[in-house]
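Beneath this line is the structure, given in structure tokens, with notes to follow.
Should a chain be cited, it is by its letter among A, B, C and D, assigned in written order, with residues numbered from 1 in that chain.
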Amino acid sequence: MTGVNAITTKAPSGGVEYRKVDIEESGPLELSPIYTGICGTDKGMATGRLDFAYNPDGQDFIVMGHESICTVKSADSGTGFHPGDLVVPVVRRPGGCINCLAGRQDNCSDGDKHEAGITGKNGFMRETFYDVPEYLVRIKDSALREVGVLTEPLKNVVKVFEVVETVSRRSIYTSRDSTYSGKKAYVVGTGAEGFLFAMMASEYGFDTRILNRHPVEENRLKICDAFGLTFTDYSTGSIDESVDLLIDTSGDPGTFLNFMRKMNYNSIGIMFGTNGKAPAAELTGSDIDRIVERNITLAGSVDAAKIHYEKAVSYLSRWNSVNASALASLITSKRDPSETSLFTERDPNSIKTVIKWT
Amino acid sequence: MTGVNAITTKAPSGGVEYRKVDIEESGPLELSPIYTGICGTDKGMATGRLDFAYNPDGQDFIVMGHESICTVKSADSGTGFHPGDLVVPVVRRPGGCINCLAGRQDNCSDGDKHEAGITGKNGFMRETFYDVPEYLVRIKDSALREVGVLTEPLKNVVKVFEVVETVSRRSIYTSRDSTYSGKKAYVVGTGAEGFLFAMMASEYGFDTRILNRHPVEENRLKICDAFGLTFTDYSTGSIDESVDLLIDTSGDPGTFLNFMRKMNYNSIGIMFGTNGKAPAAELTGSDIDRIVERNITLAGSVDAAKIHYEKAVSYLSRWNSVNASALASLITSKRDPSETSLFTERDPNSIKTVIKWT
Amino acid sequence: MTGVNAITTKAPSGGVEYRKVDIEESGPLELSPIYTGICGTDKGMATGRLDFAYNPDGQDFIVMGHESICTVKSADSGTGFHPGDLVVPVVRRPGGCINCLAGRQDNCSDGDKHEAGITGKNGFMRETFYDVPEYLVRIKDSALREVGVLTEPLKNVVKVFEVVETVSRRSIYTSRDSTYSGKKAYVVGTGAEGFLFAMMASEYGFDTRILNRHPVEENRLKICDAFGLTFTDYSTGSIDESVDLLIDTSGDPGTFLNFMRKMNYNSIGIMFGTNGKAPAAELTGSDIDRIVERNITLAGSVDAAKIHYEKAVSYLSRWNSVNASALASLITSKRDPSETSLFTERDPNSIKTVIKWT
Amino acid sequence: MTGVNAITTKAPSGGVEYRKVDIEESGPLELSPIYTGICGTDKGMATGRLDFAYNPDGQDFIVMGHESICTVKSADSGTGFHPGDLVVPVVRRPGGCINCLAGRQDNCSDGDKHEAGITGKNGFMRETFYDVPEYLVRIKDSALREVGVLTEPLKNVVKVFEVVETVSRRSIYTSRDSTYSGKKAYVVGTGAEGFLFAMMASEYGFDTRILNRHPVEENRLKICDAFGLTFTDYSTGSIDESVDLLIDTSGDPGTFLNFMRKMNYNSIGIMFGTNGKAPAAELTGSDIDRIVERNITLAGSVDAAKIHYEKAVSYLSRWNSVNASALASLITSKRDPSETSLFTERDPNSIKTVIKWT
């Protein structure tokens, strides 16, 4: 592949360029992104704050981008794919550990894996690339063309709920009627990932609250209405005494501990957000008392497996049918690849910004 | 029951007396303790540091003691028990929540339960008491007469490993040969509970280290030898880079976080010890990064169910056959009920002190 | 309630009448069925072939019907429901066993439960009835008004897949890419329940075949097309060597054993259909060999819990958005309550016949 | 290895010889069997009734024997083993499927594995052989020298109970006090494997019955007494109405179905025994009804993983301490390798016959 337009950075030092690149790559399927999403990881790379990012072997740059929805440009026969098919490529590619061998590179046990657009593998922010069927998730519902780029962030949510179902088996976690009715979920953070977590918690039947430490604009409140979520500005709003499922997308120690002190018996706290530069906060003896005496489980969760991408597509399809405009409104802006300033700007009204490729 | 010798305190204010008490109690089985163990909870009550302890309804005192091995003095027909049978009574008695109804009051979901010798129910430090078959765990192996008092602390360990087995299902946690071989367990704390955790980790096949922040005496080192444990004084000893199972019996935030920073991919951290008065320590953004990026699970665990008492008896029976003297040496002293100063003294060589009743 | 039009039978002897009945019943919610479905159980009761059916206490008849979608006519304040809300009432009502207490009366461990329209509780084939919020499943997606009556049969499917997920944990059951891709599911039976099972297997990612021992009409083949299912007439069609998930809706021993002999290593066979009068078939020593040597699991499954109804509603909502006409075509006819001959007729083109009440 | 005394057969045609063989084999550890056990599989091979047995590549014979306890003769440094160590070698060796890669070749998903002494790999009935550390299970408890040969049959039992724990999670299976107290287990068959299953069921707390269709001799009744088992001659004895755990070691369809008709709600039936030549029996529509209506699970189980061998050693150690003579009496005779007629004789008093090698 020569002379392909791509958005690149130099990992881990940063900087962003939209330029033509030459890349050695081949495969039975040629793909073109329709949209690629920008998330905190991309911005962290662009500004040189992501120490663990690195370029592919033999390159002094890396093509950015791990959130995408693509269309098949050409496909070898026997791949099962055809030109025009909608697909989402899997971000993480396996190493040799037993979790990787079982298709669970999201649970890689030795760190020997690669992530497209982040660690040692070129990402999807380019006009065209090659891939293999094994790492492509098919989107059959053509109505997802505009919102399917949310599959990648949503797959993280699907995995988290698998983790919740697994760890919650240590006690009877559901309500007396077998459902999650009456159970309270708090999702900390009002970014795209926060909303996707909250939508899923609500889908499961939790009484779901989404929180931030400041008020939010009308666009976010409308999404709350559509999906039955309650928004709380916790800098001023009052918080219920107990929470059964706490999901943190902030990565901020003080914020996490603040809500951890509301955790109920047998409750589960999910740590998803990361923010290594956030200020430290005090973990007290009483905090540990609460975790012990209430049989609380805290679980970190990163990435997800192909099965979670597939389920994410199903959830998107359903939400798109029931709440199409609210779901679509998570994507607050569609921009041109040349607008590289997007990687360094901060816009409080933005939920998810995507780059439009075709 | 009138004029029964008992060790009592006034909860939660504290103080210890050995004296005759009158208690309204009845039941189809009359029991006499052989030994009752003293643990940190008892000492906390004696010194008024346990805020959540409370007297039974209508009493201005509570009989202490939750660790015991008892003998049946008399038994109504149909109870399935006979005079002379060895039993361990269950500490926690159920309330009305669904976990309590399923015999899992250790996972009580609303706090509406009672604990003998701690919260609202008289304990076992008395010459005689009444109980029902449902809450008695039978010890058939008569060789456990001297060490069976360890059933109660060991049952906590059994539950913790059930929790480990449950939460570890979120990834492939075992080694490539299906065992725990090559997996590292660190147990923080060298009290009786710490040793029981370490023995169990070793039984499971973990490469097991038991740690404290100071050297330990010969008696503890001998137990390590017998059970294949490595002792590390972590104030000076070097610590391996990664741990797969971290079990904390200290309840000390700084200690816990120190070792949490060694946790491996997919690793599990158990919080068992409590020490509400311990100094706080800083939880950093990088700590959260590690928990997230490595899919780490942290789980508090308290108490255990009757099935865990039963399994604890089995483990004691086996360890008693293979390593009798090392197991027995966990019980460092057998004392008279009148020696109430035991509840306030501190003896570094002591592992488990028990009171001899008959 | 006096003079309410209802479809009744005398259990277990049979017969069907559409007539006015007087029933003692009250509750905070008054409900009116929109549609009630007719299934094999209803026909079995009508023809006196269901030995376990019985009338409610003090009645010499039982109102039939357990599949329904209803509308709320009136609701006491505090119930959380409002006139016009769409709901599906739960069929099975709990007894006193621990599974019932946990909201899992579908797994009742002592048989002491009741089923609306079948065992000791009046069903939903009547103009109006009373119920309590605990047993009502809300349908928010108003587009489900016409197909929501499929919630009840679909909830059985949702439970079965929960069972599959649980029992499959005894080995690694998924494919090397973490999904069910490449795994084969066979669903035996082309009734409504068979199609719902097949749709779900396909949703999970199984390569799904639906089978019967005769050809089927165009209406069924169209549903296959829409949901990516392969139909096989196994009286003539060739069958692949191995199946990973076998689901039987026939209850016929010979049919089940025929396909069991195709079961793969670590495969799962679900027994859902019942047909007590079916001819027996020979279970051989080689059959047992296969089950043993291949670590095969066979699981019977009946009914489902409220959480499965809720998930069924979600699946219906999604399928209704992606394949509306194919889903709707499962309901082959909408009839008047007075047409009681429906309970004894047999129409090969019919998939699901429903009664229209309002 | 040349001129090594070994017991061989020609697979699958049969015959047994004790003779000198030359075998190409090497490895860091040289081992000598102390005892090797004879089971039904060995007898099946000897008499040519085991169609799936086959010789190793390039041999026209196979060394028999998969049950053994061995001593290390010599060990390369770095293996972690030393001369004199007691070990049990793992029977099944992995192929390339994902279960094999995870150390779970007992759940091999494609049949591409080998079993020592049965399918394509020389067994342990020879003076000496070579192996690698990965497939050796260490026995530290030297008291197990005489009974450690039971590790191999017991490891199958350990796996079965893992399967029981996994599949039973589909409902609440334990009693109201969290234990298996009051739950009934039936073990069909009074061979060594039957007794090991029954001992384990009793260990778990099941009310355990061991059954055969004829009376048994005093030696078996004494083992029942020692382990708290009830023996029933079901040709005459009455059988309780319901069983919660049914374990069949007969492989006989009629026997299995007979007891399956006693299975309780949520009960589990384990198929372990195989007998391909047994007469077929009728599976009826009512049988399927029962499996469905009662949410019954039936599970075949074969072989076990290294972790199950390790746990088997622990159980043996405990039973050997509590019931040494009863456990030892499972081994009814210790014979010389030259007595090859053992492979074709039938002795009703025999439970487990072993060959003594050193």
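Rule of thumb we're sticking to: a residue touches a chain if its C-beta (ideal position, glycine included) is under 8 Å from a C-beta of that chain, and two chains touch if they have at least 3 such contacts.
Since the model is a prediction, treat every value here as computed from it, not as a measurement.
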item	value
Subunit D and subunit C - chains in contact with each	A, B
Angle, in degrees to the nearest 5, of the Cα rotation that carries subunit A onto subunit B	180
Pair joined by more contacting C-beta pairs (B-C or B-D)	B-D
Intercentroid distance (Cα basis), subunit B paired with subunit A, Å	41
Cα-centroid distance, subunit B relative to subunit D, in whole angstrom	36
Centroid distance [mean C-alpha coordinates] between subunit C and subunit B, Å	48
Residues within subunit C bordering two or more other chains	98, 101-102, 104, 169, 172, 176
Subunit C - residues contacting subunit B, complex	98, 101-102, 169
Complex contact set, residues of subunit C against subunit A	101-104, 134, 140-141, 143, 172, 174-180, 203, 205, 305-307, 310, 314, 317-318, 320-322
Of all residues in subunit A, those that touch subunit B in their complex	98-99, 102, 104, 106-111, 162-163, 166-167, 169-172, 176, 251-253, 256-257, 264-266, 271-302
